[in-house]
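Each of the next two complexes has subunit A plus one other chain: subunit B in the first, subunit C in the second.
Let's turn to the complex of A and B:
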């Protein structure tokens, strides 16, 4: 591969023509400049990696920028808006690099088909070449222009929103570079037109200015000549001292449509016209079973019913309205085939988990971390501490129920649905409709909550199968009961610890074994704590339910396990939990600052009313470090969280308001689960059904939350969507202990006070 | 129009053999009752009127009206007046209810035809009435409701 600094990528006439051809074919208004960036990202998206990058071990992200004839700059973002606001922040990063004022910026979701993500478009736009493997973001530009079209086919599946990755990956490695490149091309075009040195041209508010000659032009006026410029090999991105929009609470671009009600969510989507009908479905309650028989005579006679379908793995009713479909569905008597887990309940399942851990013992299982000699140090420890923790399965309970509208006709399929993985969902629909993926059009809509639930394509598959069978468009809506019972759950788990303290109360060893292979793999690790002898292992168990990514994924359980056990060690050592953690974090300066930050916020050590307690926890996840202190009031018949203090270091807060909102949201979501929620199993099936037995925290339960931000590593961004969650449960459980002396070792907490 | 339910049985062979998944793409069993827009089969659309029980049909149709109107003899009026005995009585004549001036001054006596006209479009029949909801566009439904109200007068 050629990486010579002066070697420009080969650009044939054909490449130029096809680039403009792409612009034209991309349904972009005439005269528009579009700049695209496709880069490798170092972001580990873990379990999703095979989907994302097909075994290359690297995720790809892409970003596109359009400058229209109206001088508006559009950021075309390959992520979904599910309430997190990241797309707006990514656009903010673009605008800053381009020197465009915020008012002139628009955000558009990249379509899940067509030019933006196809190999064809990538080939046309990016051109031929190779992909050097460079570790730093700016160098990623070279491969972009050297071309990586064979890799760019994988862009298709990189269209994913998860792993708290949008800002730190797409924004940092894609959009900022696209913005800087677009700006440099505009400057080069102006320099050529005006016959002046590029270095003398300044940019501000989407306007090019040459002060000496008094010439100036809007970006839009230079868009066409800019598209003829050579692509910059390594556009210069701004230093933090030059930021104008980055780091400011610029108002989110999706707020107006959500306030005035014009925002289109998945459940609002669908074709115009009167042929749209509604489907209600019920899948087999036990994983692995099939529908054996359906008794439909009552349902057939009910109002509005058009069709009743036994799809093998689920039963559906199609009717004139959703209500009619759901009522008729409820009138169908269904029997199911037997499975091996028809007699399983949660108690038996946890007993199975415990047996697996017994088998692993104190040295068996799959090793995840092993340094020093945990077993030997434990044998010699002055003070030995052991504990076992347990967490249940958790459902996502997105506010917008699962739904998908599908229309299959004339060899084409149209899909309207909220999804975190539009292209995977497209593939699921294609399979269901019996068509090629290229024949499926995904219509972009907002998500009424994701939290990891909308990372699976099974619901587009279901809707496409129904629409194909019906022959007319179908809006399939899951009932809340179906949503609760047919989720891909946060894994239930048991985690066992042994820890040793020396005579001075210093931790000398840490030995942990738990049940489920973790995603991300770092979730149970404690390398930031100064402990010399560590062993972390997993044992293998079979899950009777479908498991999936639940906001913060494995950090959600390991935050609770690890930070509860650290608290137990602190008390065993007779030390203050904050001071104890401080001493353990002596070699982790960013952690230490965050921990000390939250202690200061909460006035740690200050007096509290009788029956109240404070608990502290710190968790690093998705490259962000978050410490939280919960205050709990134990004077009533159940715990009440009164305050949560949160200190976060996400590297650099591109939009501090957005980061703060995500911390608050993660805390509320985490406390909901910690306090109230579990998915339990009886006769192989999920027992919970709706919000009466799966509570989300309400206004009157919600604590006051204070968030402070530390910008500890501006060139090493962390995520925002998930990291606020993991410390919430242990901070609360540790606060309950501080107030009452009662150690909570299994969640939910409410069960201990019923 | 009578529709026999059309039952299609497809691929029963896959029953019980595959895991809950996407292997059986086609329906195992597809029962088509009717197409969108087609008239509903008689079985589900038989009105009580056709079966001769107009009063029962009216009682069912009155369910939405009962949000505002009581019908038990002597029961307190709600948002609208008690309608027990309304057929045959003068408009706006229930002492215990605060009618609009439009209603008390309307000079209407509620027979079947007058009620039919009022229910079809209350504001047209009695301009200024406070019964802003409750228009019944379906003539059969109006007839049934009136039959039901008549039955309460005895």
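Let's turn to the complex of A and C:
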């Protein structure tokens, strides 16, 4: 296609690339995916119509947009709603491109069907090296790139919500184009019916108008013929100057049902009727062990108990009520097979981590960044600084514990569960039920928190196994104790730094080695800081616990490590931590604006009461840049965070209130962990069990939070769900140092004041 | 049999008297707005009112409700469906994220405002600290309580935010 010759206003580079990728996908994937794949027989979207648009008078315009007889437009969203609000925001993006007013928009979760895999989300996860035989995809294959990703994503069952990706990938590269394509198809249908040129038709508030002839029609009246139109080859998306809904704080669509008890979460789901029974389970407490024996005589005699099952890797009780199942489970005596880590505790584990780092030394391990000559520059440095930091394992502690309702009968399986990976969970259920994935129906529910915890399918698999064994529908609920002890944890880590300063206090080198391979790989890197000689390495260790993605993933630990060490360098240089970072960010103008923005918000340098301190940190994650300043009151027996100022550049805030809410949420989640949270190991098993020994920040110790937004790159969106978190811990620890001179090098902070 | 009233309706409950109110309401009465969070009265997700007083239903046996009135999140709106001031403020301030804790938050806030119609920040902190919000919406909850109390105006559908737009610099 030509280079946007007849388009006004001019299209952005991002938009041009996106459309090309998208059109390529449609052609190469055989019309298997998303936008613009018109509804016709033999097409996968035809199969989708009865599933997503089976209502009277409903027309599926393309696979992400349906229009009802009532002129309500439904965005069919291939992401899960777990609180991040992204489903509402990406519907907002679609509606703006379609010229639909917000009141006429509804949001619907896409069914767990491979055709709804978000290739745009998948490509963020399916990195270089994943495509068979094409380790480094290059530009000549760009048109086929998304098509390939579609196939790869399907294989990986990658209907994923994570990586702060929904708005910046599916929204920006999918929903906007879906909306623009749907609008053009509606216009084409009206032009055909009215016999007028398409260019003379305007659209507003879900209405088509031809001014010259005075004709007008609601979208609903043109929806059916629109769905017969050809896919637009290059649907024109809006320039920022044409945005009506994008960039506004449109109210979230999911909030009304969350104030009256009607929102259906996984734990609330299940079949109609009274056959449902309840299961409580306890899995083996040490990774790698199996159930050796169970003594059940007491449990069998308890009220309501129907079945007691030794599943090998866990023990289950099925009863008439969940409470009865839980009571009986507690009366079972279980022994477990031995493992090699039965004697392991946290102290020994950290000693093992330290040994791995000793082995890597100053230059060993796996190199993640290596430019200049870090060792040489350190040898010549006027001022040498060394520090070691440590962080613990962390549990996600979603408010809704893991649970799954499953019903296996007649060669079919129905599943109700909150999951960030519906297709992977579907496969887990199929495996557990002994069925094909196509025989499993996933029912859409809200997630009572995700934060990365619901990226694994094991609890769905457990429920399917139980339902198969029982023969009737089972609602399996993990106790809070089970949820705390059987997580996929944020990895514990130790990180060692050496840094050198010249005589003027300028950083000349940065040498870091830490444990654990990082996801995302950029997490420990510091290329935005003006440091000429850098070495970043990892020394891999074995984790005695299952590890997983925890909100902001490896940025959660490296934000603390990197920004604490920068603070230590500033102190060694005798410089103000804000001014010190300003000079380090001289070549990173977006970072610099965010840093200066937060300093202005917090009146950096202004007077504070006696015993109070301010700390600053800046972290780039998921393509967003966030700087935070924490104010801490050290006059009590432990630190109290009074205020957090946050400045964020996420490229462009599609929904500014939603972005602010995510910053507030990430800050509290990060501060909870920094201040209180620690999962420790004793005899190979997790020691913590519930909120009394795994403390959450609460109303009375949560700080006031102020958020300001910079729209620094409207065509290069960043994420929102995670980037607020990483600066919180270092900002707090640096504030404690500013107030007291006490440097916090291990988390949680509360341990230093107990 | 335990005789109780739930959201104004008499109910005869055939259950072990030790069974917590939470599971009676969820499983026997099919009202799922009240949530299980911890089981040991640590998180507040299961908060309901027993004769008007907020209780943790996960740790209160149904026998304790004999002859008493239980109110759940499903029972606070007016009969015609009109939401309470607290519920409306939860919408105007865009409080819920995942939403799982919010039934309990709203039940606690409702009881707070009944006891203390114009609460100070300290009173809000003291009353609401038993309700954990893992999405961290404490600032919005506090604001919504003040809006519900008529102490602050509702945000409603605020006009579009003005954020500076600058060209990508990197």
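Some observations on this one:
The rule is simple: the second predicted complex is superposed on the first by the 647 of 754 C-alpha atoms of A that agree within 3 Å, B and C clash if a C-alpha of one lies under 4 Å from a C-alpha of the other, contacts with A are read in each partner's own complex, and residues count from 1 in each chain.
Keep this in mind: contacts are C-beta pairs under 8 Å (C-beta built on N, C-alpha and C of every residue); 3 or more make two chains touch, one makes a residue touch a chain.
No experiment lies behind these values; they were computed from the predicted model shown.
After overlaying the two complexes on the shared chain, residue contacts for A:303 are found with subunit B and with subunit C alike. With both structures placed on the common chain, the touch criterion links A:341 to neither subunit B nor subunit C. In the superposition on chain A, A:249 makes contact with subunit C only, not with subunit B.
Counting the residues of subunit A touched by each of subunit B and subunit C gives the higher count for C.
By the touch criterion defined above, A:598 lies against neither subunit B nor subunit C after alignment on the C-alpha atoms of chain A.
By the touch criterion stated above, A:313 is placed in contact with subunit B alone, subunit C being left untouched.
After overlaying the two complexes on the shared chain, residue contacts for A:294 are found with subunit B alone; subunit C is out of touch. In the superposition on chain A, A:447 makes contact with subunit C only, not with subunit B. Using the contact criterion defined above for the overlaid structures, shared-chain residue A:455 touches neither subunit B nor subunit C, since it reaches no partner.
Within subunit A, the residues touched by subunit B in the first complex and by subunit C in the second are 303-304. Listing the residues of subunit A that touch subunit B in their complex gives 274-275, 277, 283-284, 287-292, 294, 296, 300-313, 320, 337, 428, 431-432, 434, 458, 461, 465, 469, 472.
The touching residues of subunit B, when paired with subunit A in their complex, are 5, 14-37, 40, 43-45.
Residues 15-16, 19-20, 23, 27-28, 31-40, 42-43, 45, 72-74, 77, 83, 87, 90-91, 94-103, 106, 124-126, 128-142, 157-158, 160-161, 163-170 of subunit C are the ones that touch subunit A when the two sit in their complex.
Listed in rising order, the residues of subunit A touching subunit C in the complex are 82-85, 240, 247-249, 251-252, 254-265, 267-268, 278, 303-304, 321-324, 326, 397-401, 446-451, 477, 479-480, 588-590, 593, 651-653, 656-657, 661, 664-669, 672, 690-692, 696-700, 702, 704-705, 709-716.
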